[in-house]
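Working notes for the structure below.
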Amino acid sequence: MSAQRVVPLAEAISTHVRDGLCVALEGFTHLIPFAAGHEIIRQRRRDLHLVRMTPDLVYDQMIGMGCARRLTFSWGGNPGVGSLHRLRDAVEHGWPRPLELDEHTHAGVAAAYCAGAARLPFAMLRGYLGTDLANANPRVRSVECPFTGERLAAVPALNPDVTILHAQRADRSGNVAVHGIVGAQREAALAAQVLIVTVEEIVDELPPAMNAIVLPHWIVTAVAHCPGGAYPSYVQDHYSRDNAFYQRWDAIARDRETFRAWMDEHVFGCRDHAAFLARLRAAA
Amino acid sequence: MSAQRVVPLAEAISTHVRDGLCVALEGFTHLIPFAAGHEIIRQRRRDLHLVRMTPDLVYDQMIGMGCARRLTFSWGGNPGVGSLHRLRDAVEHGWPRPLELDEHTHAGVAAAYCAGAARLPFAMLRGYLGTDLANANPRVRSVECPFTGERLAAVPALNPDVTILHAQRADRSGNVAVHGIVGAQREAALAAQVLIVTVEEIVDELPPAMNAIVLPHWIVTAVAHCPGGAYPSYVQDHYSRDNAFYQRWDAIARDRETFRAWMDEHVFGCRDHAAFLARLRAAA
Amino acid sequence: MSDCTRDEMMTIAAARLLWDGCVCFVGIGLPSAACNLARLTHAPGIVLIYESGTLGTRPDVLPLSIGDGELAETAACVIPLPEVFAYLLQAGRVDVGFLGAAQLDRYGNLNSTVIGPYQAPSTRLPGAGGATEIAAHARRTFVMLKATPRSLVARLDFRTSAGFLDGRAARARTSMRGAGPQAVITDFGLLTPAPDTDELQLTALYPGATIADARAATGWPLAVAATVETLAPPTTLELDTLRALQARTREAHRRPVRLPA
Amino acid sequence: MSDCTRDEMMTIAAARLLWDGCVCFVGIGLPSAACNLARLTHAPGIVLIYESGTLGTRPDVLPLSIGDGELAETAACVIPLPEVFAYLLQAGRVDVGFLGAAQLDRYGNLNSTVIGPYQAPSTRLPGAGGATEIAAHARRTFVMLKATPRSLVARLDFRTSAGFLDGRAARARTSMRGAGPQAVITDFGLLTPAPDTDELQLTALYPGATIADARAATGWPLAVAATVETLAPPTTLELDTLRALQARTREAHRRPVRLPA
């Protein structure tokens, strides 16, 4: 069992992330799986339906490199900085290719992940009230309460073909321990057909964790050891968020050529995430 | 704030638990608030709508003493022993008074608490399939998915007027820390208008708890210091379940007079839970 | 068999149906003994889930309640009960669910609610608990109960949990995803559903039990498979492991509880 | 005012609207500064919730992201994001929600989605995030934004979050439970809804700001209240506390991050 579950990241991606699939790389500010995103770019995946509450830099990079045909999201900015220029370029000018938007609110995506995790066909919420979003997105409908007659917003459940997370630790059987800010990661993980987790460290066996957050091995498809795998986002108790990188990204991503050059050097030009981090350290 | 929140149990019950209200004493095997149940009996509350997934001994006692007019539940037995004789007597013979049943499954009650916590009017689940329960209970209906047309079971949200829990620790501001088996307690707490928590110990200030289970002071109405308050159920890291008492209860509750005599001596005959425990220790 | 009780044989027969790594939704009593016996013998990697929210628990002694402290202390993690039912059971992540009941009919439907009419029962039983959704969503279920004409009945007083409904693929036409009861483990042997009709038939007997015993204990004309296997008697390992587990359990639960001060 | 920037005045004006013990849904930027200023001055018991799930957090420096590690380390607890929106915000447990936007109209409706048509925007903005449900469910909201004729507009390109809709109690006729925007904190002063029409009107100016400044910065004919209060200038405590907080923040975020090895 363990032998199958703990694999190199490149193998996990090539085995499970196929062109055209619906893929969610989750992690809310904390634990964003950048290494996995870069590996998907390296393997030149295409036509992906990307799902993520906050696309962040990782999807700006994947969209800019032409991996995505569709995006389900609820907030698409560079946190604390401004725009995601590659996302904007794809939406505003169809570069490098047009991007379909399935746009929601945080509450809507969160509820849709929960419904997906429970294998319900839809989620309901008191949401999308008094906005143009409900008209702009045909996937926002309504449902009537069979007891009160009240109408509530309804969105389809989200069930990614593949969800990818980053976490602090896993053991050799594939149990994963997460702590700190968790966003909607557990729900996105439980909603998926395939769950890939990159981790900072792998231990022989995780101890009983009582009420701590654990993804048990029987819901985890593959674990990849990937120290620094969430950089430039952060990992509680391991490294902090590189806010300066998020600021630098604004200038890098603003121009198509600068962006392509950066990706060529830092992603295609690096064998893996360790090499990527080494290059950044050398440049620092 | 703290001055108001930490109060004696008798005061918390007399202030908040009024005749006719909908009251949920939750705790799944672990952390069952017996002391609060006994105080409700001592204060001779009537016509309560009791809600609890597993009525357990605490509701057998309250029902047998005539506190309840209605019961929402999903499993009404003495765990590992057999029947709840007082519950059965009320249902089978209307003694000491008839008891309306609002009967569900665990999955149904759990979903109804979650809907209540989210202030949604109903919960949906793939439940009550192929059973007579859906026909026996008019509060089990169905809803159609606005995307797939699939029909799902629907139950009304549960929003108790008062939810009562027992926990390990609280601080003087009223923050409550729980660990171990949690059942549906958090959802029952968040679904309530009023939340009362009895605790083993009160500390000056609970430390930041990261991913541990905390009920923050602003959702807690009243905290009462009540060591042993979950006995004969148990409290993780404080005392274990008195399985022998659960076995003894079968004989006590089987007969109306034996039951009344036991309650007279151990509940009416004891000023509070400390006195109740002292009496049991003396008898042991 | 002489030195093995029917309870032990039932427990061992149930344990043999489990495999290493299977995700198992456990109930209290015989199922709990069977699952832990499997874990201590041929299925060390079995994942035991109790509805109290303890996942992957490894108790040293059998719990008396579904939520004993040791289940939490030895679990990989403890999660809220609503998630157990929504994210694990309803989501189809449970391989095996165990069920018991007061009444079972020939299609494996179960009653644990009432004897007599629902509004005026002669005997009020505990009710559904987790059983209804376990019966619907576990990939397969195993039912354990003592066979008597009052437990194996021609007609249920109340249907609490669905087996094969009226048989002949009636269940397959519903939205229930689980395959339903794949074995009923009684104190004479095993009943399993016939492929075409879904009707339970006698397919295995314990050593020393006879078809006549089975028929006498069944409240409907019991169908008997063309070939009825006789199950192997308990191995020394099975029996020793089970009895050691039971001894540890008796010992642990004999210790008096100190009343909280 | 001479020695106080408009950003500082906005932050201080917003902080003054908060009270001790209020449960506050915080956004990044000026709202975060305002909420923490209130916590460090007159509202030590304020409960700060960031949508990342950190409840009752007490950061020593302002976070640059909604989910900085220090928010988790100093929080009473950290909960999953779906619970923040379902069990806290939707449940009506949030007293104050802060909002910002690219465009605001005279009824306090907000646009943070697109400039131009949705299908072919001239500028794609980040989108709703948590704003739509904060606007609907927080008991009251405060909006903070820099006033220009391009941000305070006669007509929104897209309505992302509801204020008073078309005014005249239109919001009260919906199922939204929150009272809507009770104040818009701009860089000249405060706009608040008129009781009868719900239309935003100028009710307070910062020291040194004029009605003419306000009108010039507003893209619709701005209504002015019968009496326009002039807000008290920042106290020494307010200004010193805010500047110390900002200095700590700059200092902390200047430290270079060590790249993971």
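Going by the order they are written in, the chains are A, B, C and D; count residues from 1 in each one.
Keep this in mind: a contact is a pair of C-beta atoms (placed from the backbone, for glycine too) under 8 Å apart; a residue touches a chain by one contact, two chains touch by 3 or more.
Computed from a predicted model, the values in this text were never measured in an experiment.
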In contact with subunit B as well as subunit D, sorted by label, we have A
Could you let me know which interface, A-C or B-C, is made of more C-beta pairs in contact? B-C
Expressed in whole Å, how far the mean CA point of subunit A lies from that of subunit D is 28
Can you give the whole-Å distance between the Cα centres of subunit A and subunit C? 40
Hey, what residues on subunit A touch two or more of the other chains? 118-120, 125-126, 150, 180, 182, 210-213
Subunit C residues touching 2+ other chains are 72-73, 78, 86, 90
Let me know each pair of chains that touch one another. A-B, A-C, A-D, B-C, B-D
Enumerate the contact residues on subunit B facing subunit D in the complex. 1, 117-120, 175, 190, 206, 208-214, 216, 218-219
What part of subunit D is in contact with subunit A in the complex they form? 28-29, 51-54, 64-69, 71-73, 78, 80-82, 85-86, 89-90, 109, 113, 118, 121-133, 135-137, 158-162, 165, 171, 174-176, 253, 256-261
Which of the residues in subunit A end up touching subunit D in this complex? 28-30, 53-54, 73-77, 79-80, 83-84, 87-88, 91-92, 103-107, 110-111, 113-114, 125-133, 136, 150-151, 180-184, 186-187, 227-228, 231, 234-236, 238-246, 277, 280-281, 284
Of all residues in subunit C, those that touch subunit A in their complex: 21, 23, 45, 47, 55-56, 72-78, 86-87, 90-93
For subunit B, which residues are in contact with subunit A within the complex? 118-122, 124-126, 139, 141-148, 150, 152, 154, 156, 179-180, 182, 210-213
